[in-house]
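Some structures to go through are shown next.
One chain, chain A, links the two complexes that follow: it is found with chain B in the first and with chain C in the second.
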Partner chain A sequence: MTYYAQLVLNGVIAGSIYALFAVGLTMVYGVFRFINFAHGELIAWGAYLVLLLINPPFSVPLYLAVLPALLVTMAIGVGQDRYVYQPLIHGNRITLLIASIGVSYLLRNTIRLIWGSDLMTYGIRPVRGIQFAGLSITPTQILMIGAAVFFLGALYFLLTRTMLGKSLRAVADNMELAAVMGINMKKVSLTVWILASLFAGAGGFLLALDTNLEPVMGMTNMIKAFAAVLLGGAGNVWGALVGGLFIGIAENVGVAFFSPGYKDFISFALIFLLLILRPKGIFGVLTGVR
Partner chain B sequence: MKKIIFLLTGFCFFFSGAYALAGTNEVVVGSVTPLTGKLAVYGEGFQQAMLLALDEVNASGGINGKPMKILFEDNNSTSKGSVSGIQKLIAIHKFPVIFGPAASSNFLAVCPIAQDNKVILIGAESAASAISTCGSYVFRVFPSDLGQGKGVAELTDNLGYKKVVLTYVNNDWGVGLAEVFKEQFLKNGGKLIDEFAHDEGKTDYRSEILRIKKESPKAVVNITYIKEGATMLKQAYETGVNVQWLMGSASKSPKMVALAGGAAEGVIGTYPTFSQETPQYRAFKEAWARKYPGKKMPIFGEYNYDMVKLTAKALKGAQSMSPDDIRAALIKASKGYIGVTGDKTFDANGDISATYGRWTVKGGKIGDYK
Partner chain C sequence: MDYLLHILIVALIYGIFAISLNLELGYTGLYNFGHVAFFGIGAYTSALLGLSGLPVSLSMALGMAAAGVAGALLAIPALRLTGDFFGIATLVFAEMVRLFFVNERWLTKGPMGLPGIPRPSWIGEGIAGLPMFLIFCILLTVLVALTGRRLATSPFGRALKVVREDEYVAQTLGKNVLSLKIRAVILGSVLAGLAGCLWAHYISYISPSDFTLNETILVLLCVVLGGKGTNWGPVLGAFIIIFFQEALRFLPIPADFGRLVAPLQGMVYGFVLILIMLKRPEGIVSEYRGSRQC
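The block that comes next holds the complex of A and B.
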């Protein structure tokens, strides 16, 4: 029994990080109507910038390195928008998609250029997990769940209780109409990019803290996030959250029945089935931040 | 249109003819080597070791007076690149001997092509046991996993572990080694409590670890690489799994110890080894320092060096430059040939025998297990 409980717990941990990535990805989709393939690179950059700061010449302690690293990640996110996507925003959506693939290559290979392709680590000694009722969880993992709850809670507050959040939802519903109603589009798009890169960068850092860093770490997680977005219905923030958790739990619990080698197969088979049976996502809403 | 095709065919014939003519004054061997891509870090070292051997061959008269040359074809570290590389070397250059690419999956991709075209393929880094049955034109100077699988089984037996969990990386190399281990281990009277494959290149192996934890074994045989090994050891430690880890040679690296951050302590494994006390090894070391001063000796450099030297010996003794004659000469030349990496006598499968050492991690450092 504890075996299954532990599998679910592991699923929640993995899922909460997937959810962080997926929510950012789906918000960008909700407003700009394209999947930003460079989203994964924000994950990797968040992690690598912390690595940059804790090593010489900066040698900042880890907890102090996080904030500046996240600020730079946000700057990269906003920069993507300002210098690549904004000039193309009135063109075809496919153009944006391809531009984002280009940005993704650029950012990923910049990491390779600076840090190399080799695996890196923050060099923190592993600690024994905290044991309770036969379950084991490490402090880093508690931090992962905590960060997801904090960031997504803050997002809930923003979207439902503030004017900015409401305008964000309005823009996601109908961009032209929202602009006609006098909603400041610049402010809304800035908010979306800042939030998406913040979530990605923070998740990337936590993931690297939990495991390690490599240039393709963004891409692997981006695929999971993309699946979560599809599962929740593209553009649906809470759908992405549930989708992320669902994938995390499904692939971890699936291990009890299949060889762990098929972990990715399990999550993608489920998505495949869902797309056939419920093409609009579990919640049946096609668009809009609800 | 017809004229153009005719002209083009003519050109092709002309150039291929020209190439064959130029080739008569030198002996050229092809090589598919990872010079770009993820294995490029190793590929450069392989190439340098091969060139070092080549220099020595040519300094002592080449192949019966003709200089020997190696034409390197990059494979971008992929199977696809390896296949197009070898096809180019066979179809355009028509080389009778080709040095195969590193990484078992890449080597296995080009194996059938060499065999079908009756071209000799020699490998210096690939360990997958499947390569043994690849074909009669395929040789390697690097020991097969067949030996190492048995080595790990014996290690497990020697340490007194009768019941273990077996996990292996899910690719040609891992599956092959696991098969050999299993056969030998079961024959020795051992029992597998559980066995499963794990994927390459993941960052989260917690579900795999849980499956191990569920069975609470005393020892786990983990046939895997550096990164996967480190991640699993670290996450097992965090999950509170206390087992004796038994591993192969592919995870024997200071990088693995560094990535595992202390969790690698006490791991025991096997690795193919050769004596560093032989005159051959000392000569290689000196020659390396002379040609590449200040450069660290690359991983598997010794094997690449031996491969070129042995091939040169075979080419010298071959009756003609036809693959069949070279093949006969290669088998003959290998008999009792002692290279830097020991005895290179080919068996019926084109494999060599090897001795296996044992390694362990103590105080954050890799050393010999005694």
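The block that comes next holds the complex of A and C.
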């Protein structure tokens, strides 16, 4: 019994990070109506930039390295939008999708160029987990859940209590109408990209703190985040949150039943089935957009 | 000289692969981002049958058939989706197929791959067989490209283009859109299977790492760069990409930096893909030969 409880706990930890990724991905989808393939690369860049800062020639302590790394990640996110997506935003959706595949490939290979393809870590000594009712959790993992709760709570506050959040939701609902009502589109799109890259970068850093860094980490996590997005219904922020938790739990509990080689297969199969059976998501709040 | 033959053969195989993707992406407007799955299914089926002692021509035919069946199995459910969501479904399908190749060791030997795949007996093994294999590839490429051209001007091909431009118009004209799309995907998969078979029997060794997202992006780049919806654009794209890839090997790069070549290549591919989308989305060979000025 404790074994399964531990698996569920691991699932919640992984899921809270997937939720961070998924919320960013779904916000971009909600406003711009395209799937940003390069979202995963923001995750990887967030993690690798911290690695860059804590090693020579910078040798910054870890807790000081996070903030500048996240700022640069945000700059990458905003830069993507300004130089690639904005010029294409009024064209064909597929053009945007192919362009974002190009951006993703460019950014991932830049990581491989700078840091190589090998597994890397921050070099922090593993700490013994805290035992609690037969379950084990490390301080890093508590930080992961705490950060996810903090970021998503702040997002909730922003979306429901501020004028900016209101305009953001209005744009997601109907871009043209929102623009007609005098909502500053530039400000909204800037906010979306900043939030999406902030969540991706922070999540990537936390994930790397708990596991390790490799160039494909962006791609694999992006696919999981995408499964979460679909589960919650594309464009639905709270759906993505629940979807992320669900994917995390499903994946970790699934290990008890399938061979570990098929761990990623679970999210893939889930995406495929969801797309075909429930394209509006389990919590089909958002309608009409496929 | 042999090296040049090798590059030509690889470029031709990618040319066939690109033509097959172009059938779906260019003519029908189906954004298949998992096309490498059919390349892989063709390659693995043909390789396994060839290794078990079947004549190569027969195993290649069966490989193509297997790819076609897989295409039908994917197309029938996945074509209920449109646009980018179809793209995602196919991408995920390709990853599932790859994970299957990695994990089902009893069949595919997993990450170890399958070595020693035989060539057709009349071609001959090793370097001695290169010229014959090249001729074989040229014949097949010309055949596939001519079929593609015949198809594009046939009522079927024109119906596909109507589907691409506007599904509702096609429906109004009494075309069965779903059936047209399914047939396009099956045809594309069979041809991708052919390219996969050629690849397996030419290289004579395959492993799951030959059929990743990288290959999908490479062939996507061939089609988009060459010109989607044209007959020779994809082949041209394939030649440019493969020759570029091989030319990088001759750059005077110090041995210590050898590991930098592959990432640099990837960066260039990504950058070119972005640049084409921004500056010339129709590719080098335009479908409309500059006549569409509006």
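As a convention for this text, the second predicted complex is superposed on the first by the 273 of 290 C-alpha atoms of A that agree within 3 Å, B and C clash if a C-alpha of one lies under 4 Å from a C-alpha of the other, contacts with A are read in each partner's own complex, and residues count from 1 in each chain.
By definition in this document, a residue touches a chain if its C-beta (ideal position, glycine included) is under 8 Å from a C-beta of that chain, and two chains touch if they have at least 3 such contacts.
Since this is a predicted model, take the numbers as computed values, not measurements.
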Between chain B and chain C, positioned on chain A by superposition, is the outcome a clash or a fit? clash
First (chain B), second (chain C), both or neither touched by A:Ala14: first
Please indicate which partner A:Ala154 is in contact with in the superposed arrangement: first for chain B, second for chain C, both, or neither. neither
In the superposition, chain B vs chain C on chain A residues touched: C
Once chain A of both complexes is superposed, is A:Thr121 in touch with chain B (first), chain C (second), both, or neither? first
Could you look at A:Phe272 and tell me whether it touches chain B, chain C, both or neither (first, second, both, neither)? second
Just chain B (first), just chain C (second), both, or neither: which does A:Asp264 touch? both
Chain B versus chain C as contact partner of A:Met217, first or second or both or neither: first
Classify the contacts of A:Tyr105 with the two partner chains as first (chain B alone), second (chain C alone), both, or neither. second
Using the superposition on chain A described above, determine whether A:Gly129 touches chain B (first), chain C (second), both, or neither. first
A:Ala5 contacts which: chain B (first), chain C (second), both, neither? neither
Of the stretches 127-135, 145-153 or 253-261 listed for chain C, the one clashing with chain B is residues 127-135
Shared contact residues on chain A for chain B and chain C? 259, 261, 264
Touching residues (chain side chain C, partner chain A) in the complex: 31, 33, 77-78, 80-85, 87-89, 92-93, 95-96, 99, 102-103, 213, 217, 220, 224, 259-260, 262-267, 269-274, 277-278, 281
Listed in rising order, chain A residues that touch chain B in their complex are 3, 6-7, 10, 14, 117-119, 121, 123-129, 131, 136, 138, 207, 210-212, 217, 220, 251-252, 255, 259-261, 263-264
Which of the residues in chain A end up touching chain C in this complex? 34-35, 84, 87-88, 91-99, 101-110, 112-113, 116, 219, 223, 226, 259, 261-262, 264-265, 268-269, 271-272, 275-276, 279, 290
In the complex, the residues of chain B that touch chain A are 38, 41, 170, 196-199, 202-208, 210-211, 213-214, 226-227, 230-231, 234-235, 237-240, 255, 258-263
